[in-house]
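Residue numbering begins at 1 within each chain, and the chains themselves are lettered A, B, C, D and E in the order written.
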Amino acid sequence: MTTETASSSLSGSLMVRAEGVRKSFGRVEVLKGISLEVARGEVTCVIGPSGSGKSTFLRCINHLEKIQAGRIWVDGELVGYRQVGDKLHELRDREVCRQRAEVGMVFQQWNLFPHLTVLGNCLEAAIRVKKDPRPVATERARRLLDRVGLANKADAYPRQLSGGQQQRVAIARALMMEPKLMLFDEPTSALDPELVGEVLDVMKSLAAEGMTMVVVTHEMGFAREVADTVVFMDDGMVVEHGDPQQVLLRPENARTQSFLSKVL
Amino acid sequence: MTSQSEIRAQPVPRPGLWALTVVAVLVAAFLVWTFATSPNVHWNVIAKYQFSHAILQGLLVTVKLAVICEITGLLLGIVLAVMRLSSSRVLTWLSGLYIWGFRSVPLLVQLILWFNLALLFPHIGIPGTSFVVQTNDLITGFVAALLGLTLHEAAYNAEIVRGGIAAVDRGQVEAAQALGMSRGLLLRRVVLPQALRVIVPPAGNQFISLLKNTSLVAFISGGDLLSTAQNIYSGNFEVIALLVVASLWYLLLVSITSVLQGRLERHFGRSSERSTKPQRDEPAPAAVAGA
Amino acid sequence: ALLLGAAACGSSGATTDASSTGAPSPASTLLPKSVQEAGTLTIATDAQLPPNNFIGPDGKTIIGVSVDMGNALAKELGVKAEFVNTKFASLISGLQAGRYDIAMSGITDTAERQKQVDFVDFIESGQVFIVPKGNPGKVDSQDAMCGKTLSLVTGTISVDLAEAQSAKCTGAGQKPVEILKFPTVADALLQLTNGRADANIANLGKAAYQAKESGGKLEVAGTPFASSYDAVAVKKGDKEMIAALQYGFGQMLEDGTYQKILEKWDVEASAVDKVVVNEGDSLESSG
Amino acid sequence: MTSQSEIRAQPVPRPGLWALTVVAVLVAAFLVWTFATSPNVHWNVIAKYQFSHAILQGLLVTVKLAVICEITGLLLGIVLAVMRLSSSRVLTWLSGLYIWGFRSVPLLVQLILWFNLALLFPHIGIPGTSFVVQTNDLITGFVAALLGLTLHEAAYNAEIVRGGIAAVDRGQVEAAQALGMSRGLLLRRVVLPQALRVIVPPAGNQFISLLKNTSLVAFISGGDLLSTAQNIYSGNFEVIALLVVASLWYLLLVSITSVLQGRLERHFGRSSERSTKPQRDEPAPAAVAGA
Amino acid sequence: MTTETASSSLSGSLMVRAEGVRKSFGRVEVLKGISLEVARGEVTCVIGPSGSGKSTFLRCINHLEKIQAGRIWVDGELVGYRQVGDKLHELRDREVCRQRAEVGMVFQQWNLFPHLTVLGNCLEAAIRVKKDPRPVATERARRLLDRVGLANKADAYPRQLSGGQQQRVAIARALMMEPKLMLFDEPTSALDPELVGEVLDVMKSLAAEGMTMVVVTHEMGFAREVADTVVFMDDGMVVEHGDPQQVLLRPENARTQSFLSKVL
């Protein structure tokens, strides 16, 4: 009971709060007690070597993975469970879907629906999950596509677009749900260098508008420029975090130092 | 400079291929010709029965049963496949049991058991009400055929659909989940449309088998195409002629099916192509595989 | 034989509640109540056996001895006959499940089958051979079957006869009879045309008809042997039905309908004097 | 602090699921019990025939035909699929013609035509030599069954294999080509092993259908399992009992097939999993799809 | 006839010679007359925006695509055709395979055979195409795997390796054929930044040993350091080529300048 009240009051200004999150696949522990807080309107960049658990952590925030210990709150609401007294109850599919609908996620491999047009990709969940009337959704979709610079591609199929264009559609698709939080998992790492800029530009403008974002990325330039906080993860743990100047330019931890020396 | 010029190369001579083609065409022509001119194939009898009322009636039964049971069997098959792949042990097990049972029991046996359900349950009623019917009145031959064929097709289609769903990229499911789509929605709108690319070829096979399998309804006094032909040849001993009559109709039915199958394949194959490169119209995936 | 008395009993039982039907004819009251109420006698047949039950030249109507007999019987009993064409498997199971009232499909009465159904025997006939024109295999007697190929229909007594003969052949140091089995008469006879088999065995009436229909390709050979009864199959223990059928056949024998039907199909040689019940084994032992 | 602790959550109550399970189990139990105790099912007869010589003989024929024709039919099917996907128009067309023809003509018709080939060709000989045989001596029932079933299976398997090959990533073919592998080699060593993942489920279906389809050899005097049972019941009228005997054997055969199919699926599914991430053991691709 | 002699003498020192290569897909012309010469032992880096035809050109060198006009010679031998008098004859599958076997190719998506182990991937073509006896091939495979730093992974399956490791296996697999020429198509663009170094290191050591290489890449650092020639392609044409210092640091063409400004 106390916990419940405490967390509610704490999370008044917090969009994401994670406490001691642990996650194992079979016998391998991938997240070893992650605690993290992301304030409303803040941009947090997560960096770290491959296999350190960055993607897994992001997926946990969206309840795409079930955690084994710890708690995650998004906007003050426990993710995936309801606490009644001391006991946790799993949420029903419907409630989990509602929670996920409020969080936008953009994957490294973009994962557009290949059988739908760009507009169809944007409308699908807005109409069927968010239950927007079609004209309203279409109107918003066109505005968002215009914003990511793809107004003229509304009727194209994903395979007719370049990677950078596909990734921007993925961002528009996520924004269609009018999420309170956006999660990005290496959104530019599958793109050719020339295309990276297009996507980062869209993300910068989102940040400038005050969208809360958690971004797993290897684009140090982006992190330096946009992030309010940089988190360095290694081997399932948060090794170092703080403001970008400090973490990226004057890292304290030896592992962070060696990683940055290779990447920069 | 010649080397700047367009390439108009002599293709590699393929005498083997041409020989094969010629032999194949000759053999086919010879078979057709021998068949067409054989005194043992009575074309006048074939002509007489090809459009006879009884045969057309049988054709109608075959088509009606096949189309209805394809739809019901596919729908039930999808449900079973989803159960099979679900995270619930109980559902997985129930579906596995069903598939095992209904793939095992020969369709003939199933049809006979349904048709003669009265052997086990002479009356069927809802307990607590006065609603009671004679099983034999409820389970007519047509009902038994629908039941048997649907349950049989469902088991086979479940396996086909399962294979198709398993071939869909996992990222698609996650993207849909992340958008807040419920399981039912993501299945209907994201997974199945993409699974169809893999499902269509074996499902085409299965439908054609179903067209043929309708002939088992002869055992429960349904009069499909093939058994009508058999009935007629039993009376007039024109075995070959009547089989030709049935086969010609089957050729037509399978042709229609093949055309539809090709259309579906092109439709789903086109949009489902994953591609990491822009605007690339990939050629047929394995044109490389051949001579 | 064992059921004659019991059948009489059954018929008297049926008479008591005959008042419910509109038909005042005493004959109609013999039938089981359900049949009386329905007004139709549902008869199962496997229409693949000319001249007993087969599809006519129009490609759909079932005709033949069984059909004419069934219609005449129904008339005698004051109901309508309805024929259902079905395969053998559901002929029997459908009878047991109560879907059909009787089965008339050129069924031979044997002791083994009597364990499952009761038979009203109404045709008696010996077996002969059907051979290709000119009888190239020279199959004209049971002993001549040794070393020859016979193409037979599954489930007919011809298979039992051929197997018994085969044993005799090997016993006598001769080659066994080679037996091919087919689901229908047409499939079996095709092997005679095709030259794969030397002979088929069928009872005289059927054989004569089939030879005639073959357009000169087939002929009958040998003298009749191993007599057997063709019968109506009735659900085991359905005494009322048996009694009703016996009555009906009795009437038909008396007024000549029975003989006329047999003559119509050229099988008058197979006529019986008296319709009996479950007597198949009596002929077998004598044959 | 409690929120640091392990998560032991109450699962979502699924009364519907449990009700469904209970109902399903009850219905199944009721059916089995009714069936087992029905006076119309003669277990003594079943026991008598289950291991009788004739039935075992029929079982052997069924298994022998099915196994041989699965192998020959699959091999021919692979050849046809490769032809179908080849860049040569002629081969594509020939293969398409074959598949169309042999999927169309009912197996029964094919078997009867092969068995009665002598009607068309009384003798078969090699022109120019004195080698001539009676067609009826060459085409025994077994040979006709092998021919018919193989040609029939090949057409269906060709479609299944084609679907599988089309699902293999194009990059694999190019990598093999870049290594200098010839078409045959890359097909055998690279494409087919990976296509099997998609091929196995429908091929399992097809094999089970084949097991059942052997019963059509009844029409050419072959004595498979089901027709042996039919032969017996047409003598003694024990229809249901003999069908149960055959079905029990089919249950065994299908069980064995299903186990083998599962093994193959796991074998090919495991190694063929594409993964851009290191050391990730992905869970079954669509565990997400269910309740 | 004159052409034949000319090209033979010319190509004495040339490993690759392309003259006026044109390639269309359907109605779209993707290569619009590419001419290029790569001397024996030289490293050529091809750079250019997405869709400019870099991959297509590389694939033409290996006859994975048929060209519509022009000629390509590898080590003095016409690729894919035999010239008899004025006439070209397509080579048989067997001869095309022999030509390809002498050219190693490494793809962006690595394309390892997932059903074979690392060792199996290396041995497959060596034993079945090059017809090396198994012990000889195994011996060489182990040496090569050692060289790319994967000696201990010989029995692992591809899916058990990281992207960088998979790409190194792909290089070892290509080297197993002892090619005279190696073609690399963006070999590092699908890798996480930390893993890129591993692969580039292997490539550098290859270059140092005198392997002739054509490398499509966006790694300007690598190009600057290793390339003898840099070729900039745009819209199916070679826009600029020369030594790396010149092309990368003092590009003359406006398109090259704008491209480099975005990528560097």
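Rule of thumb we're sticking to: a contact is a pair of C-beta atoms (placed from the backbone, for glycine too) under 8 Å apart; a residue touches a chain by one contact, two chains touch by 3 or more.
Just so it is clear, the model here is predicted, and its values are computed rather than measured.
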item: If a chain touches chain A and chain C alike, it appears here; value: B, D
item: Partner chains shared by chain C and chain D (touch criterion as defined above); value: B
item: Chain-contact steps, minimal, separating chain E from chain B; value: 1
item: Comparison of A-B and A-D by number of C-beta pairs in contact, larger one; value: A-B
item: Of all other chains, the one whose Cα centre sits farthest from chain A; value: C
item: Angle, in degrees to the nearest 5, of the Cα rotation that carries chain A onto chain E; value: 180
item: Chain centre separation in whole Å, for chain D relative to chain B (CA means); value: 14
item: Euclidean distance of C-alpha centroids - chain A vs chain D, Å; value: 46
item: Centre-to-centre distance between chain E and chain D (centres being mean Cα positions), rounded to whole Å; value: 44
item: Separation of mean Cα positions, chain C and chain B [Å, integer]; value: 39
item: Residues of chain B touching at least two other chains; value: 40, 108, 112, 116, 119, 174, 177, 183, 239-240, 276, 278-279, 291
item: For chain A, residues contacting two or more additional chains; value: 50-51, 93, 109, 162-163, 190
item: Residue list for chain C, restricted to those that touch at least two other chains; value: 89-90, 93, 96-97, 187, 190, 193
item: Pairs of chains in contact (touch as defined earlier), listed by label; value: A-B, A-D, A-E, B-C, B-D, B-E, C-D, D-E
item: Chain E residues touching chain D - in the complex, by the definition given at the top; value: 59, 62, 64, 93-94, 97-105, 107, 109, 111-115, 124-125, 128-130, 157-163, 165, 170, 173-174, 177, 190
item: Complex interface listing, chain B residues touching chain D; value: 14, 17, 20-21, 24, 28, 34-35, 38, 40, 82-83, 85-88, 90-92, 94, 97, 100-101, 103-109, 112-113, 116, 119-121, 156, 159-160, 162-163, 165-168, 170, 173-174, 177, 183, 186-187, 191, 197-198, 200-202, 204-206, 208-209, 212, 215, 226, 239-240, 243-244, 246-247, 250-251, 253-255, 258, 269, 282, 284-291
item: Residues on chain C engaged by chain D in the complex (per definition of touch); value: 88-90, 92-93, 96-97, 110, 112-113, 115-117, 151, 154-155, 159-160, 180-183, 187, 190-191, 193-196
item: Touch list for chain E against partner chain B, complex; value: 3, 7, 19-20, 25-26, 50-51, 66-71, 81, 86-93, 109
item: Residues of chain E touching chain A in the complex; value: 49-51, 162-163, 186, 189-190, 192-195, 197, 218, 259, 262-263
